[in-house]
Amino acid sequence: MVPILVFLALWEIVARLNVVYGHFFFPPFSLVIRELFYLIVSGVLADDFFRSLIRVLIGFSAGSFCGFVVGVLMGWKNLIDKTFGPILSLIYPIPALGWLPLLMLWVGIGDILPISIVFITCFFPVCYNTATGVKGVSPNYVAAARTLGASEIKILFSVILPLAVPNIFTGLRLVAGMAWRVIIAAEMVAIPTGIGALLIRAESLMRMDIIISCLMVLSVMCFLFERCFNYFERKLTVRWR
Amino acid sequence: MVPILVFLALWEIVARLNVVYGHFFFPPFSLVIRELFYLIVSGVLADDFFRSLIRVLIGFSAGSFCGFVVGVLMGWKNLIDKTFGPILSLIYPIPALGWLPLLMLWVGIGDILPISIVFITCFFPVCYNTATGVKGVSPNYVAAARTLGASEIKILFSVILPLAVPNIFTGLRLVAGMAWRVIIAAEMVAIPTGIGALLIRAESLMRMDIIISCLMVLSVMCFLFERCFNYFERKLTVRWR
Amino acid sequence: MPCIELRGVTNFACRDIDLKVENQELMVLLGPTGAGKTTLLNIVAGLIEYEGSVLFDGVSIDSTSCYLRGVGYLFQDLALFPHLSVSANIAFGLKACKTPPFETTARVKEMMQLVRIENLAHRYPRDLSGGEQQRVALARALAPAPRILLLDEPLSSLDFSTSKYLRMELKRLHREFGVTTIYVTHNQREAKEMGDRITVIHDGVLDQTGSPEDIFFNPQNQRISEFIGSPNILECEHSRDLGMGLVEIKTRGLSIVVPDDGQKIKKIAISPQDIYISANPPPGPDINRFNATIVEMFPSSSLTKIRLKVGDHSLLAEQPAEVVEELGLQSGDE
Amino acid sequence: MPCIELRGVTNFACRDIDLKVENQELMVLLGPTGAGKTTLLNIVAGLIEYEGSVLFDGVSIDSTSCYLRGVGYLFQDLALFPHLSVSANIAFGLKACKTPPFETTARVKEMMQLVRIENLAHRYPRDLSGGEQQRVALARALAPAPRILLLDEPLSSLDFSTSKYLRMELKRLHREFGVTTIYVTHNQREAKEMGDRITVIHDGVLDQTGSPEDIFFNPQNQRISEFIGSPNILECEHSRDLGMGLVEIKTRGLSIVVPDDGQKIKKIAISPQDIYISANPPPGPDINRFNATIVEMFPSSSLTKIRLKVGDHSLLAEQPAEVVEELGLQSGDE
Amino acid sequence: GGSPGTYAEQMEDPDSSTIPIGMAVEFMDHAACAFVAREMGWYKQEGLNISVYESYVTGMALAAAFARGDIQVAYMCLVPAINLYANARVPIKIVAGTHKYGYGLVINPEKIKTVKDLENPDIRTGCVGEGGAVDVIMLNKMIDEYHIDKEKISKNIRRMSPPKQVVAIIAGKLDAAFLPEQWATMAEELGCQMLLTSRDVWPEVQGSVLVVKEDLLHNHPEIVRKLVKVTKKATDWIRQNPDSAAGIVARHLSCARKRLMPTRAGMLDTNLHITPQTISRSMKRMVITTDLEPDVVQDMIDYMVSLGYIRAGFKAGHVLYLNYLYDE
């Protein structure tokens, strides 16, 4: 907690000591909090926030899950790695801009669109990290499990995955942030609700205070996500790491 | 290579069998290649491409390097982790949209703008993955190195980092794609050059063919990046993994 | 329980190995370090590539994947699962073959009592001592009651009494359940004590297979005799009981007094380390002491092998280098 | 070379340990598994937390960080660097203390010859056998010529001849350079052979410290005597030379014949395992054989301790459970 | 800003060409006059050292660029200009207009016949960012003018950038959209129907304007004067020969910097590319003029206040500075 407080204090100070115009583009923490408060009481934020939250949660969990599965397969069976690896690395760099038209055609313009953008974003990092983690498991343990009569599946679930947990969670922690980051871009083509839409509106209205309030919401959300991932990871690994 | 060819063949077929306007949204591979060819000969692409390439390279290497350093510190010294971890996870989810105004103020319109956006994008994944890798090194090896009289630094460089290589490279592979993905968004703003600019132009003229050609360039670049990372990683780890 | 048969098995560490371990037999695999013992076990367990073929009960199982071979394997580097507690480690094999929970717990308890680690049930391998880890690994290998047991130096890091206890326990288990077992060790006493038969491996080649007596009394080649200390085998021509449990043995002009173990003596083996050379007669009674001529010496970094001529025997003695120096021994000395 | 002193060292596995290892001494740390040996070494090396204080040459080094203590440590789980070749592993310590390259290579070569692994220089630990790994670890620990040497079961997975050779080499090195050494083992013979002094540790408590003879002939408490096999110590009242290297020893009504090692005998120790019990007289000469009365029996899972009354001695014997059964021994039997 | 007329007294800086000026230009035919002026090289003739950002700088980024001074001049729509002044508090002055109108409601003729049909629950209306862009203003105005139920429309509004709206309409994912030119016309050419134009919805509504930063006006009034002059010249020229102007704009729009984007493969499946015909049709829908009535601006300001886009209303006079526009 302390570092965060320090950080905020720093922010306040820097902002207050700022050059002309700076004050507007980089308002002090206190102001933002005030604005945030107004936004919350006025109820504008809550609604948008929850819609975004739901989109993020769905996209995130779906994307991470698929990424996880594919990653496990790639890390586990070298053949699959060789097969999908190149294709993934071809698809990976396609930005939202590239996906939008296709998605528009496939899923239409509705809640699914931003969700699927979040999905795409979450997929790759989890996939890559999981694969690395799975590959990293020492073959000795796998051999031991084999001799104990564990089937490949059993080995996967009771040996490989538990040992790959740290990497998997790194992936999750990464995409937790990205999901919140990309929801903005995702909601650029959507039903005009959600924190992204709010942000765009504020953006085009040039309302810096609202923008920063939204960003703070993002930050806090990502922070919470990260916390609980850390919590779960510790729960899963602390006893043997 | 085979899987890629299969993939492209599939693309061609699906595109050719497509519905009305399908060609427009989802042109077959052959068409895109033709367009790509025209783009190249007309010289439009080359110039933009190289500008983007340079920006990506600079932003990528700088961002990865800083991410690497911070990640090492965080994984190495728990105190630093506790200190910076929360702050990073607060800053992490801020999207490009959020950074733009501040960057505009600080670095102004120019090549630095997209570079710094790439930088920000590359920083976090490398940082997180490196930290995970460093934390993952078995304490036994560290202890052994200690008793052999190696100083902390020496241990870091000759034991911890070599063993963390796989994670570090996962991070790099991740951001290689992101860098190319985000350069678009970065160049859409105010910078009238680079593939991003070309893309946004094509988009506002709804020239799907050009868009897809650009995306293909991105894909290929990311693919190449990934290849050479794989190559280096193998070089570094094959003998003992 | 199946019998294990290896036919022309070859890989990086084994060269054309033929071996048959009878049903219910406990075969000790004895060999110096780097001989290929672990590799051989890995081959039987199906963990590494090899040419040639491995048969259980005459059926080739080269294509049978490891986890169907039903072997219990105690790895030399124990490979305990770091993320599982001791009890979970032991239970792993049972869970893998779908043992009902209550049986599992019972079996785990039993195993932990067998290897005397009841008190560590909830510890994690990281927090165990070397010997404790080894015992956990042993328990883990035994728990699923495998048809074949591969033990790679199962007692190497246990103290005498514990290992003695476990040797007896293993013996007992083997008697009771007759699990076909390959028992790797580099300890000759262990080998002698445990083995129905012993097979000696050297540089990936099986030199000799036979009963303990076989191996120790007539090693079939130089390497073995060197490995087990190349005893000087003396044919016993005729022996005279001295009473008080001693026999005097006449063998081509030498008479040697040995304690009598009640049974008739045909051969005696004197290991080179047991031959002491000194220039001037040492104190004490003059027994088993002869004048010898040094025929030749093979100095090595720290040990010197010395071929002695005693009567019309030629014996091989082994002396620490420094002894040799201080005695200033040379060929031809008396 | 410093002397090592531990004062009231305490942690999860050690309880209030006081120990002084003299300069240039080779102290053997003997104890059953789980006694706290490894932990003790870790404490000396400064790898884990502890209360109390450790002194080198009387100077407390509790605050000295591990890599400045200048100890060479052979870990029980060898902890070879998987990403470095054998030679690189051995060279690590030298590089760490900025040895010039050519010296390094020379030293590495020397070490590899010492432990006989020249041919493995470019292998990686993954591809080594257990014993080879152990020798690499030994070489790595020795290479930087440390002031203090901590060896945790350095020979546990080596065959007899190799380990014998290495024991002699270690002895020689110790004589030459007099590195203060703590040598952990659970093997009594090794302990006897290597140690200037031996200290016995049990459940994290030092029971006894002294010369090998001390420990083995008058163990100071039950646990030690049990650990080293609780020999029955018989005071020797007077002895008679039978000639032929035999002595008859009279001790309160018993006369026992033992082979004579030339020196005067004061006590003899008979370990329980060496006492054989049989109902009817076995064949062979009637030597060292007495009628005894079974006073009491302590049956355990597989071994039965039997207290015998022989003359006016009471001896402790140990018999395998099944022997006991088939003989149907009971208290009070003759 | 001070009262009008104060700047005229400023003494003129002789070598105005040395001062580099960043100019933001929207990448659509709203900025026709800028394109033409560049093509003709009139800025150079006036000795203006202008670096043009044919940019997509919008909202905050633009504001920041203005604030920092990287951009001092911009051809932009009136609404963002007002936001810039009122919300971002960037001291700017609007010194000239460039055109009136320039928006149109394009619809899918199968599903929509009259404006009232927009209320139907299955009608999805496209729209750019709420508030920032003009189209939403137009939408609201239309709602007021034609007495449509706002709720019913806003229930299924889809927001996305104009080009995406066109794509969406022709892909049948949208049914109506209030688009800025040239996209409105392009959509029309792709089979949509233009139901309304901004002219019908809001007579005399101002399209884009020429915006300069106050500092520039303050320190280098002569530069601003020249800018206005060039703009005027350009608009006049466009009015006189619209077709060649359309050609220039079309070529300019389909340029990636100096080079034309190839169009061969692009034309295979769709005529999605900018032809002079498209542009001229599109430009005929606007009134290209620098005239700018304060009342119109005031109306816009008041309307934005009523929509709650800007916090407090203000006198149009504060943001306008039309001396150079009308002093010749």
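Every chain is named by a letter (A, B, C, D and E) in the order it is written, and numbering of its residues begins at 1.
By our rule, a contact is a pair of C-beta atoms (placed from the backbone, for glycine too) under 8 Å apart; a residue touches a chain by one contact, two chains touch by 3 or more.
Computed from a predicted model, the values in this text were never measured in an experiment.
K.L.:
Which chains are shared contacts of chain D and chain E?
P.N.:
Chains touching both chain D and chain E: B.
K.L.:
What's the fewest number of moves from chain A to chain C, given that each move must go to a chain touching the current one?
P.N.:
Between chain A and chain C, the shortest chain-hopping route counts 1.
K.L.:
Count how many hops through touching chains it takes, at the least, to reach chain C starting from chain B.
P.N.:
Shortest path length, in steps: 2.
K.L.:
So which chain is farthest from chain D, going by the mean of the CA atoms in each chain?
P.N.:
E
K.L.:
Between chain B and chain E, what's the gap in Å when you average each chain's C-alpha atoms?
P.N.:
Distance between chain centres, rounded to whole Å: 36 Å.
K.L.:
Taking each chain's centre as its mean C-alpha position, how far apart are chain B and chain D in Å?
P.N.:
For chain B versus chain D, the centre distance works out to 58 Å.
K.L.:
Please compute the C-alpha centroid of chain C, do the same for chain D, then give the distance between them in whole Å.
P.N.:
Distance between chain centres, rounded to whole Å: 20 Å.
K.L.:
At least two other chains touched by the same residue of chain D: list those residues.
P.N.:
Expected reply: 77.
K.L.:
Hey, what residues on chain B touch two or more of the other chains?
P.N.:
If we look for residues of chain B contacting two or more partner chains, we find 25, 101-102, 105, 200, 203, 208.
K.L.:
Among the residues of chain E, which are close enough to touch at least two other chains?
P.N.:
60, 63-64, 67-68, 161, 167, 171
K.L.:
Let me know each pair of chains that touch one another.
P.N.:
Contacting pairs: A-B, A-C, A-E, B-D, B-E, C-D.
K.L.:
What residues on chain E touch chain B, complex-wise?
P.N.:
Interface residues on the chain E side: 22, 24, 27-28, 52-57, 60-61, 63-65, 67-68, 70-71, 161-163, 166-167, 170-171, 186, 253-254, 256-257, 259-262, 264-266, 268-270, 272-274.
K.L.:
Once bound in the complex, which stretches of chain A touch chain C?
P.N.:
140-141, 143-152, 154, 158-159, 162-163, 237, 239-240
K.L.:
Going by the contact rule set out above, which residues of chain D touch chain B in the complex?
P.N.:
45, 47, 65-73, 75, 77, 79-85, 92-93, 95-97, 124-126, 140-141, 144
K.L.:
In the complex of these two chains, what residues of chain A are touching chain E?
P.N.:
Listed in rising order, the residues are 21, 24-25, 100-101, 104-105, 108-109, 188-192, 197, 200-201, 203-208, 211.
K.L.:
In the complex formed with chain C, which residues of chain D make contact?
P.N.:
31-35, 37-39, 76-77, 129-132, 135, 152-153, 156-162, 165, 168-169, 172, 186-188, 226-227, 229, 241-246, 257, 259-262, 282-285, 287-288, 301-303, 320
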